[in-house]
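Report on the structure given below.
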Amino acid sequence: MEDTRRINVGILGATGTVGQRFITLLSTHPWFVIHKLGASPRSAGKLYPKAANWKQVTPIPSAVREMVVHECKPEHFADCAIIFSGLDSDVAGDIENAFRKAELAVFSNAKNYRRDPNVPLIVPLVNPSHLSIIAQQQALHSPPLSKGFIVTNANCSTTGIVIPLAALEKAFGPLEQVIATTMQAISGGGYPGVPSLDILDNIVPFISGEEEKIEWETLKILGGLTEDDQGRKQFDMHARSPLRVSASCNRVPVIDGHTACVSVRFARRPPPSPQQVREALGAYTADALTLGAPSAPVHTISVHEEPDRPQPRLDRYFQEGAGVSVGRVRQCQVLDIKFVVLANNVSIGAATSSIINAELAVLRGVVQG
Amino acid sequence: MEDTRRINVGILGATGTVGQRFITLLSTHPWFVIHKLGASPRSAGKLYPKAANWKQVTPIPSAVREMVVHECKPEHFADCAIIFSGLDSDVAGDIENAFRKAELAVFSNAKNYRRDPNVPLIVPLVNPSHLSIIAQQQALHSPPLSKGFIVTNANCSTTGIVIPLAALEKAFGPLEQVIATTMQAISGGGYPGVPSLDILDNIVPFISGEEEKIEWETLKILGGLTEDDQGRKQFDMHARSPLRVSASCNRVPVIDGHTACVSVRFARRPPPSPQQVREALGAYTADALTLGAPSAPVHTISVHEEPDRPQPRLDRYFQEGAGVSVGRVRQCQVLDIKFVVLANNVSIGAATSSIINAELAVLRGVVQG
Amino acid sequence: MEDTRRINVGILGATGTVGQRFITLLSTHPWFVIHKLGASPRSAGKLYPKAANWKQVTPIPSAVREMVVHECKPEHFADCAIIFSGLDSDVAGDIENAFRKAELAVFSNAKNYRRDPNVPLIVPLVNPSHLSIIAQQQALHSPPLSKGFIVTNANCSTTGIVIPLAALEKAFGPLEQVIATTMQAISGGGYPGVPSLDILDNIVPFISGEEEKIEWETLKILGGLTEDDQGRKQFDMHARSPLRVSASCNRVPVIDGHTACVSVRFARRPPPSPQQVREALGAYTADALTLGAPSAPVHTISVHEEPDRPQPRLDRYFQEGAGVSVGRVRQCQVLDIKFVVLANNVSIGAATSSIINAELAVLRGVVQG
Amino acid sequence: MEDTRRINVGILGATGTVGQRFITLLSTHPWFVIHKLGASPRSAGKLYPKAANWKQVTPIPSAVREMVVHECKPEHFADCAIIFSGLDSDVAGDIENAFRKAELAVFSNAKNYRRDPNVPLIVPLVNPSHLSIIAQQQALHSPPLSKGFIVTNANCSTTGIVIPLAALEKAFGPLEQVIATTMQAISGGGYPGVPSLDILDNIVPFISGEEEKIEWETLKILGGLTEDDQGRKQFDMHARSPLRVSASCNRVPVIDGHTACVSVRFARRPPPSPQQVREALGAYTADALTLGAPSAPVHTISVHEEPDRPQPRLDRYFQEGAGVSVGRVRQCQVLDIKFVVLANNVSIGAATSSIINAELAVLRGVVQG
């Protein structure tokens, strides 16, 4: 039986880097139909090809070539069941809130609401169960909402790290310590983003705010949801079993694909062996796949045996960028186990995550398709 | 009073990458005079410019343009007081030993003798005192030697990390744990070395043998020398205060300059603050300078306050590559303190270290100039 | 009606860069079935994944994972109707000749037989009619052959330039002068190929033999075939209307995609306008498509109107690398017209050309499928 | 006899890329003393290190560390004998004119006045004689000026090409045709300039306005000055012997150093041989050296015999960037001779040219030191 859902979606920030990725990915999506495009007032009223400085290797999808860009105002998007936001954080706060208020379901890449105690921060291959807080988000809104809400996905560098960590916690129980050093692609900085003079024959050992995001978001994502006596839900932040995360973030001259060297310490003693870790990572299957999300990767984690993998240029297209690649699983002299993880920052690290999150929301009936 | 020493030196592996650096650096050295050049039998008998595929940005020094390359046999180098070896490890073992046996003082970049219990492994800005084992190396040789010996310097990635670690131990006592993730330049792989198809728009999260070198060499360098009842000297390997080092090594598309993100835990509780660490690093002066080694950097460690430094392209020329640059000193959520260190792998990480080691050996009378 | 041809093919040099491309492309080919793999004696007897250092972004096709590599001897390939050769030129000469002698149809990427007066040099989007010389190649062989022959395709940099030149000659008559400056990708140098130390933050204004190939091959490809009184065919080398080609070749830090800046002078006065040239290029359809070659691109030449295109990273995937992209068509102050052309050197510049050539040979009945 | 000139100079646009180069170069200049710094109103009033995002590999000179940045108004620079302008063209027009009007001698990198019929466009290694038009520039100004004037230097890509062309015309008489294809470094685009996403693993075959500059500026620089019956001077634009120049400009992922492949046709028949051309290029000595300009390179043109030189990374520091490197001199199949030229765009292509121009103006008494 073929899936015949047809759900109109709108894209905010459609001319930017993340917006272009949304367009590319959604142009062949089995359920979602690009229906409206939003961008800055400067772009509004223009045909999309005139408004966007298209930088993708596939051409602008033909359906989008004829679309006119709108301002990011809810009234233009009233007939969209889902809104994907690729807005920059300097404008995302107000606009996404206005869309929520207008009873629209917003799936955002921006950081603005990630720390909101009623907004789920979802890496779709890790914690789709956090969608359950949406009812509370709607109820606590003033006035209460029936359809509008905001779901955020994680920072691109957090995403890659947290997927293997989730697999490890599932198999071996809670982690106590994580030290991660990232080597992040230039596409993570958007366009124009990183000046070439800063990064050719160079690395920059600093990305503003990035380390704090990894250290904090990991706790919200991996920690569960608790409920108090009044039935009020709260993110646990891994408090039942305290976890400390230390991140060092670097920009490197790689186009796409964030690599991280990660050392972990398990609560359980003795810790699992490298071979047990490899098996657990390879065996991890995201609930998103089981639930039937069409963009979920068939294989969540590719575990490499070769000594020199994963590499961004060779492995970033694994599962069309929706899965992650892990390699070099071995003992750490200081903590327990160390490994290398690679995630495609423009796919699972950004637009792909939002899209799977929306698919999951449809599957769970949170969004009316 | 001007220094009028004139000491003849020979260079083994003179046509290779490290050999070219020796030539460039020594061509303007105040004491050392390039007297003989050694390379493979294939190069022997040729004028140096014909034998070498010169890849330095400065031209071949005029004195060297007219020199003929010899085979790496001690008889050709009998009138050299010092031998610098830039040989590859596959041939360095036998050749360096033959030179030592022929009563020549060898300063080697190769890894072959680094683990020898009677060969000092010296980062000149850290542990010149280890030169004191040379007498034992000579006495235990069969037959005993009067002038010949081998001194090695550390692996290029170890060197950059161990200098700030030494400064921290000097100021705050022993370290207990070190986790280091390196991002290493392609020049560390020699020439032709890393294929461009492997590294353009890419990183390779593996360098054969490199992690083991950092984890082991650090202990030999930072540990002291102990003496048993019979007066026999032994490297302590930091055994008095056990230190665990965990390294993850990556190749990145940077030409020169190895960067490392380092987290450390001190034995002392409470640990020093980031500001105390910054001050201690900035205040560290290598004994090599105090002792008068002409190639020792005036400033050993440059401590950056800017959030995004050090960067290889901007900071690798600090002290003409003989010093190291540290930045981003801050608290680590898991260990105590983390920071970024950059060292020029082709200068202090290679030829410059050998040269300062030789200068120190002259100053201490171990070499007869 | 579905095409149900199934033709067994062998790949020589299967472990190398071009061989890996053949495998990737042929693994989904509608007609050709990878049946045998050949490589050096060192690889013979190994399973393909053990023998090859696989560097493609898609994994080794599953059918090939289980195949054993053979030595490049005709007896191992007797049941192949077509042989694709990705051999290096230092061995291609003898091996390809032995295969031809064994009555095998060889489609070669190597340069060895390109200048042979009886071997066609075919850019499949330009001169498939040159296949007609195969009968003469077979007849003149000693002993005469009934099925064996060699077809070569052009050098990767020639291919990109000659396609728009062919379109221009078709529309406006013969050219008199061509000046081309190339900026060629590192993948053109094979693996390990160009050392990273030579090309990062650099260009190398020289590629051995490349300029001569462009200057000579262009004449053979664009010139027709003439027939003398005895019916003996001969390549005209553009002699009826002499054409002079001057090439300057540069290696640049680009992974895939050769770009060339080309200026041309037409015999016809006045020459066509830039707009006429743009239209002619856009209207050019290769005969290979008309003839039904399944790998022929639907659009041969993409003509860009944007001022800053084509660019290798954005345009090298046009038609899955089988078409070429042209832009910046404008007047030349010295010759008549200048433009920029980009061709994917690992696709239409190499394996894809051989494959389309083989498809054309099948369609014309030169190969018995 | 030591040169004891001490001339106060001001730098406009001091915080930008060219301004930083002026500061670096002038900090050790034998005559010129950095006396005042000018930048945008946003920077005015700040200490230089606070105002500038310093991107040079050498630190900010100590004398400049304490200097306060001024607005670019002539009253702040009244005690400067020379003004170096690294201003962007969008503001350079008005500001440089205001400084000229205030009787200040302006040496500009900006394009604004290059086409002014009374402003000399001087590549200091080619046409310092054009300084002679300054008197006319001053006389025609309203009101006439006694000390104020503007001298421009050429576009960075023009500079590299025109130096060997001047050498050829000096030796062999006028050229008739020049076709040049450039591969230009990212530093030519300023900072932040070229986005890394546009140039990593890529080339961009277009630089706005660049081709027109090369095609036009070459004529003004290489053409002489003529004088009419009224003694009025006029730039000849190579009109006596018409020269056509065709340029194609590309941005490549190189940090510093513009490379060009150049083909030329001489008026004289037969044309000189490649060997004659090599000798003429090697023998060319710029008048700037003979006249005693301290920053003029001792060798103007380095002629390489190796087949694969010049290369930007190896040759851009020739003569500290003040000379140019030429290689691959050979016959062109279409014009007469072709060669490769490399010039350091941030040195002789920018600040160094302005400085030598100023030195020449001092030596000729046009500036009162």
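Lettered A, B, C and D in written order, each chain numbered from 1.
Quick note on the criterion: a contact is a pair of C-beta atoms (placed from the backbone, for glycine too) under 8 Å apart; a residue touches a chain by one contact, two chains touch by 3 or more.
Fair warning: this is a prediction, and the values are worked out from it, not measured in the lab.
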{"item": "Chain located farthest away, centre of chain B as origin (C-alpha)", "value": "C"}
{"item": "Reference interface B-D: repeating pair among B-C, A-C or A-B with over half of contacts shared", "value": "A-C"}
{"item": "Between the pairs C-D and A-D, the one where more C-beta pairs touch", "value": "C-D"}
{"item": "Whole-Å separation of chain centres (CA-atom averages), chain A against chain D", "value": "49"}
{"item": "Chain A-chain C separation of Cα centroids, rounded to whole Å", "value": "42"}
{"item": "Interchain centroid distance [CA atoms averaged], chain C/chain D, Å", "value": "43"}
{"item": "Multi-partner residues of chain C (at least 2 other chains)", "value": "55, 200-201, 253, 255, 313-314"}
{"item": "Chain C residues touching chain D - in the complex, by the definition given at the top", "value": "177-179, 181, 183, 200-206, 208, 215, 244-246, 248, 250, 252-255, 259, 261, 263, 307-314, 327-328, 332-335, 338, 340"}
{"item": "In the complex with chain C, residue positions of chain A that touch it", "value": "55-58, 200-201, 255, 313-314, 317"}
{"item": "Touching residues on chain A, where the partner in the complex is chain D", "value": "55, 186-187, 191-201, 253, 255"}
